[in-house]
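Following this message is one structure expressed as structure tokens.
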Amino acid sequence: MIKIFIKKEVNIYFRNLNYIFLPMIFFFLIISVFPLVLGPDKALLSKIIPGIIWITVILTTLLSSNNFFKDDYDNGIIETYLTCDISIELLLFIRILMCWLFTCFPIIFFIPLVSILFSMSFESTLTVFLTLIIGTPILISLGLFGSALTLGVAKNNILTPIIIVPFYIPVLIFSASAIESANSGLPYEMQIYILAALLALILPIMPYLLKYTLHISINS
Amino acid sequence: MDNIEVKVVLASSFIDSQFIFKDLSMHLKNRDILFVTGKNGCGKTTFIKSLCGIHRIESGSILFNKISIYKQNCDLKNNIVYIGHKNSLHNDLTVSENLKYLSEFDSSIYKKNLSQEICKLLDFFNLQKYKNYMVSKISEGNKKKVSLSRLFLTKKKIWLLDEPLSFLDDDTKNLLEELILRNRDFGGITIASTHTNFLHKIKDAIFLDMNT
Amino acid sequence: MNISKIANLRFFFINSRLLGFYLSFITLILFLFGIAWGLFIAPKDYLQGESYRIMYVHVPAAWLSLQVYIFMTIAAIISLIWKVKIMEIASIECAPIGAFFTLIALITGMIWGKPTWGTYWVWDARLTSELILLFIYIGILILYSSFEDKRQGSKVASILAIVGLINIPIIHYSVEWWNTLHQGPTVMKFDRPSVHSSMLIPLIYMFFVFNLYFITVLIKRIRLGICHREKNSKWFEDYIND
């Protein structure tokens, strides 16, 4: 069963390469706009790069999770989810992971390139890498939650981001500060542990929460 | 043959305090076929959705084997197939991939020789040549056929079909009739909403007119 | 009188009319008295002078902004689990009141900040988490208002409110932690001397009055919500025609 679910997700992402490439291109586009606006001052850029990376990542994850359930809702697949007799939580969990794997992981993969662009040290590149690996699944699952909440609204392009961004703040604070600590040679383990704790809190709950929200959302 | 019964007692539902349906009661047992008829917007879809638990009724009760369908211990979900008027197909998967994926949602389908079963099903519905077509490329009628073809595989007893006849040609309507009659022979219950076209072979169907 | 009777919309609507009227009258009187007490009778603060008196509005508003949120979530949980209709309305009608208290707390905080910190806004932990609370309130309100079916909207907004309640402590502590990390030299820290009872009693009194105000407005808003939702139902028309 798990194999078929994974295979279906992989098929869909590979047949729509846009789902994979658009977030990545968007990420690089936005991140290269910052030096143009702020000036090419190396000291300034390396000081604010954690903020830049994380703001761009937020925009990107919002882009890819905004209307995540919309197609399935229009096709009636959500109704099938909710009237079937198998564990839909497992399916939703797989879908969260796949969404992360195909939209966030390519970005994380190219982080070394960003570190060259902004001449970051090895230590801070490593921290960016770590915080992104732990933080982005949280962002994606919260984004999917927002997308499930706004399912019943006809025009919801900007609605999900407005609702969800306040919930991103803890992840943002700890990630950005971990990178900053690493930049200035301070220990940053604590922030990473807190991020991991948030992830461990959210990831198991999220499928159940998504199922409940979809149930409420569809009852219209 | 397991005994199954679906009982609706004085069910009402409303949106913005306008009734969609009011004080509806019915009682279905094994081998019953129910056609829900009525004009557009009279609440056929909502009624069928409330039978499968997607829509929650405001008052009254829906009982499956004497247990309310909103209770945890109700095994309604193990017994129903709901096919809405949306097709429930992924546009980016082929017809056979879609059928394989959809049958994962139905634990009554025996998965061992699924591929052969799907072949048989495609033969039955004359869809063999579309087997490897993307769903986005085939016509609305064929999409409807693919989505209804789940009924061929399932061993569940209660079929809830919302507007199964739209977009279908006469041949396919006959095939659907055959399937519904087969379900009755196995002791199942079929509930379908239609607005005008009735199926002619089924003589002893019960009609529920939602207009009144 | 059992719970189901109080939870009955019709019963509430008919009986709350006079209650709302009296409550708003009492609240107004008590509020005027409390303002006079805070502004003129309570002693002057030896450190901050007269400017501290805005605390009599700021502190209760800030307390209420959280208290209303908790109340909203409790109502939301009751409405989702037991399908109590009046709690559905109460929960969503709390949101604008809470947002209002949050806004009051922010604005008075800024006004107080000017003479005390020399600037209207500092990214202080409390102000920042209050601002985020305002955004969460706004998110709930926007989500609710974008649904055409208001019952559906209030259910979905309830889920958001409940998830928000889990999130608020996390946000609060992360912001506090962030603030200690970035503590700038310009921010003055006051030692907290134990507040003298001549200042504390009017403060608690104002907290009580704000609570009364919350209850009054909530009752009126629930009545309004019932008007919106039940405008087509039979009992409502019968009641209006009487």
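For clarity, chains are labelled A, B and C in written order, and residue numbers in each chain start from 1.
Everything that follows uses one rule, which is that a contact is a pair of C-beta atoms (placed from the backbone, for glycine too) under 8 Å apart; a residue touches a chain by one contact, two chains touch by 3 or more.
Quick caveat: nothing in here was measured; it's all calculated off a predicted structure.
Chemist: With chain centres set to the mean of the C-alpha atoms, which chain is at the far end from chain B?
Modeler: In terms of C-alpha centroids, the chain at the greatest distance from chain B is C.
Chemist: Pick the chain whose C-alpha centre of mass, unweighted, sits closest to the average of all protein C-alpha coordinates shown.
Modeler: Located nearest the centre of all protein C-alpha atoms is chain A.
Chemist: Can you give the whole-Å distance between the Cα centres of chain A and chain C?
Modeler: Those two chain centres are 32 Å apart.
Chemist: How many angstrom lie between the CA centroids of chain B and chain C, rounded to a whole number?
Modeler: 48
Chemist: Would you kindly tell me how far, in whole Å, the mean C-alpha position of chain B lies from that of chain A?
Modeler: Here chain A and chain B have centroids separated by 37 Å.
Chemist: Where in chain C do residues touch at least two different other chains?
Modeler: 149
Chemist: Touching two or more other chains, which residues of chain B qualify?
Modeler: Within chain B, no residue touches at least two other chains.
Chemist: Give me the residues of chain A that touch two or more other chains.
Modeler: 219
Chemist: Touching chain B in the complex: which residues of chain A?
Modeler: 1, 4-5, 8, 11-12, 15-16, 71, 74-77, 79-86, 218-219
Chemist: How about chain C: which of its residues touch chain A in the complex?
Modeler: 80, 132, 135-136, 138-140, 142-143, 146-147, 149, 152, 155-156, 159-160, 163-164, 167, 170-171, 174-175, 177-178, 181
Chemist: Once bound in the complex, which stretches of chain A touch chain C?
Modeler: Residues 145, 149-150, 152-153, 156, 159, 162-167, 169-170, 173-174, 177, 198, 209, 212-213, 216-217, 219-220.
Chemist: Spell out the part of chain B that touches chain A in their complex, as residue ranges.
Modeler: 52-56, 77-78, 80, 82, 84-93, 97, 100-102, 104-108
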